[in-house]
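Heads up, the next two complexes both have chain A, just with different partners, chain B and then chain C.
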Partner chain A sequence: MTFWWLLSVGLLLVENPTAEAETSATPEPVTADESGHGDRDNPRTRFLESAPFDLAGGGARPGRWGVELSGGWPWSRLRAQVGLAHGLTPLLEFETALGRRFRPAIGLGLRWVDRPHVRLTGEVLLGWLFVPVPELKKRGPQGELRIRLAFPVRRVAPYLTLGTRHTLLTDRLTIERATGPEVSRSYRHNWTGWATVGLVVAITEHVGIDLGIDYPWVDAPTLPIPGFHGGLMFGGFGRRR
Partner chain B sequence: MNQHNTFGLAVGLLLATSCINNDVVLFETELVASVGYLQAFDQPATLHIEVHHAEFGGPVPHALGLIASFEVEGETRAPDSWRETILVPTEEGEGLVVYAWLDLDNDGVLCGLNGAGNEPVGLIKLAEFPSHNLEFELLLDGVCLGPERLYP
Partner chain C sequence: MGQLLILVASVTTGCKADSLGTEIDGERVPVIDMHLHTGEWDSVGFASQEFIAGNLPFPINLNPEKSGNQILAPEGIVDELDKAGVSRGVLLAVYAPRTVGVTTNEQVIDNVAQFPDRLWGLASVRVDRWNDDREPQLAALREALESPGIIGVKLAHPHMHFRMDDSAYYGIYEVAGELAKPVYLHTGTSPFPGTSPEPPYTDPRYLEDAIQSFPETIFILGHLGFDAANKRHAGLAACVDLASTYPNVYLEASALGSKNSDPTGEILREGFVAIREAGVVDRLIYGSDGPQSPGFVNDYLNRTLIALDSAGYDLNEQRAVLAGNFARVFGVEVPKL
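Entry: the complex of A and B
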């Protein structure tokens, strides 16, 4: 974590003045991205608006889409997002832990900080937790608040993801009395905290890879079990240049 | 019934049936016991009572799974009857067994080293269970034995 921060800040300090000087020295950047961040002829800024970096930092510009398919232990995930107006980014996720815990979810992201080398996005997701294993059976609606922080520099973007997941679990109690059965329901709150640190490498503007370490605190206060994942990111094909 | 009502009913049924996590079923039964001893105990004494499943557990069940325990005070002599309503988790085990021991020296320990050495014990399996009302006679005809020595 500290390593990523130091690396990012260091690269920012080294790279920014040059990049700005180059940008200001060019009166009309012929291939400048509509966002203003990405100059595709400049190797320092070419990937700033790439689909992999959109997925790493969250959020996307209108019409831009991205898909991430990641696998690892124990978590695997399919994630898709597309940018709309006003910075809103609807997203879909399907997540599983070794095929024993599932959560499909829909969500909405909003990029709060949108600087060339710093992306901060807030996301809210609503989904359904489904654990079919009899001993661990859990089913119920789940909401998640998540922030994504990424530092795109050249081809790489170290990132941090923090999330808090809240699941509503319903229990049923049936008391068979002499006068007849009495049925009552009760509700429990179940919390899962989430942290991921990782690195996204943009291979092209449309394709990248993601390597990360997950630190979920599943169904706290049970013991957190760290994991890892590797993912393929792609998107933005057919975008106008 | 229009389409909206049908859809709402389907969603309601789905939520009602698919999102239950812990589904606990308890069977209420009232136990009415008369207690017999091989001799008279004309002294204050506490009767310790335990209610067990006769068989308890999942794939490999074992005898005796504790459901409830309680005490009955005898002010001037050993209690000769008691009545208690308990809730039995029927999905966790089968059958019902009642065990009791009389604490003659009121030290809370069955036949403690420094206390009375001949505290009476008894056990009965209630074959009529499940029933909401069970009347039975519990004879304490043993001495210093735990429930696992008396059942099965």
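Entry: the complex of A and C
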């Protein structure tokens, strides 16, 4: 982890030649995007509207898209988002823990605070929890409320994610009686809390990396073991500013 | 990643105790845990597998077979004893194929033989074909009881589906008494599906006839008749009465004081208070019902120490509960520290 922090600091101190080349190839020099945050000539602000920071802080401006592929222990995840009008950002997520717990989900994000160095986004997701491990077998619809808070500065954006997940599980009881099987169903609620702290580093405006520590409180009240992840973020290719 | 898992699990569940024994009032006191389960994942029964998996921390529980085998193996159990500072543990054989599964006498004998200075075992007996094979089963029990390190018998009427007052099974008590091997009995309901929750299988009062009929046999009433299904005391008064009335009755308070059953510690404290007020502290034997999950053996011991202290047990009484009573009943030495 120390290595990645050093790398982040190092990246802060050097110019990105790729980004420079892109800038010089731009026919019409544009120094700020529509938000006013992303002055490309200013090293302090040139990555503020980058795709990696959109993914870190949640939300995106209309037409901007981003994808993150992350892997780690125990979670691996695919996340995609695209900005629409009025700040709404549809999301698509697929996550798994060790290939033994799965959740595909769709959702919607809305950026609540959109300042140059502070991003706060609320997200709502609906998905399906599926745990095929026989001893823990469970499946059912899951809803999640999540907030994402990020602090983009130069090339890096420390971030915090907090979520509360609620799953509706169905228990089916079958009693084999002399008169035939008798089936009854009961329902219960399962809660999972979620916290992630991490750091996103923008390599270019379109590509970044994400490193984080995950603490999902799965199967409460038994305390879980924290996890970690590393991710590749990309998006916004082909977008002219 | 496997090594990382073990490392992370160690960090989250506590490290190995500096030495065996636990410290009470500045003195180190030896501990014997008389209730530990062993076996192999595939034979412990699906209900037990679910129970163990449900107690493992995420994400270790996503691969319960691997973790379960580590926990149930004698090496894993001794590791848990080390972490808790427990000098010796007792492994239980189980024959409950329709509920919690099977851990054979042979498995227990083998596992005890791997750590003869740390483990003892209790044998059990198959009763699901009792009308057909009573004599061979009793002979097998007798043979198991004569094996090195096997010091008693384990029965669980609600798991094994036979009534506590059914005299057809009294031959088990007869063999145990003849060989001077105490009998540990699960009393109270069980959290596992498919068990028999009715009073003749769970209420310790239904054991009174057997207790009277076999005065040479030691009866250890496990779990204090706790209603595990509803997480409340149900048979505590009966257990205390029986211990007060009959000199061959002993008590054990495993499982009911776990975090899940007794989050505040009040249930375990109530049990200890009732036993002390009845003047039968010399009948109380310590057990945890571990290993269940990494750290459980240590956690249960700590919860027991807190409950004993808050129930007013002095140092000598705690010494007796943690090892002395066990040593006297089973005819073994108190472990030296």
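Assume the second predicted complex is superposed on the first by the 205 of 241 C-alpha atoms of A that agree within 3 Å, B and C clash if a C-alpha of one lies under 4 Å from a C-alpha of the other, contacts with A are read in each partner's own complex, and residues count from 1 in each chain.
As a working rule, a residue touches a chain if its C-beta (ideal position, glycine included) is under 8 Å from a C-beta of that chain, and two chains touch if they have at least 3 such contacts.
Predicted model, so just to flag it, every value in this text is computed and none were measured.
**Student:** Overlay done on chain A, so just call it for chain B and chain C: clash or fit.
**Tutor:** These partners clash in the superposed model.
**Student:** By the touch definition at the top of the document, which applies to A:Asp171: first (chain B), second (chain C), both, or neither?
**Tutor:** In the superposition, A:Asp171 contacts chain B only.
**Student:** Touching A:Arg139, do we find chain B (first), chain C (second), both, or neither?
**Tutor:** Once the two structures are laid over each other on A, A:Arg139 reaches chain B alone.
**Student:** Contacts for A:Pro74 in the overlay, against chain B (first) and chain C (second): which applies, first, second, both or neither?
**Tutor:** A:Pro74 sits against chain C, while chain B stays out of touch.
**Student:** Scan A:Arg101 for contacts with chain B and chain C and give back first, second, both or neither.
**Tutor:** second
**Student:** For A:Gly227 in the superposed arrangement: first (chain B), second (chain C), both or neither?
**Tutor:** second
**Student:** In the superposed model, which partner reaches more residues of chain A, chain B or chain C?
**Tutor:** C
**Student:** Per the contact definition in the header, classify A:Pro216: touching chain B only (first), chain C only (second), both, or neither.
**Tutor:** In the superposition, A:Pro216 contacts chain C only.
**Student:** Which residues of chain A touch chain C in their complex?
**Tutor:** For this pair, the touching residues of chain A are 73-74, 97-98, 100-101, 131, 133-136, 216, 218-219, 221-227.
**Student:** Quick one: which bits of chain B touch chain A in the complex? Just the residue numbers, please.
**Tutor:** These residues of chain B touch chain A: 18-28, 87, 90, 132-133.
**Student:** Sort out for me which residues of chain A touch chain B in the complex.
**Tutor:** It is residues 137-141, 169-178, 188 of chain A that touch chain B.
**Student:** Going by the contact rule set out above, which residues of chain C touch chain A in the complex?
**Tutor:** 1, 4, 8-9, 12, 46, 49-50, 52-64, 259-260, 293
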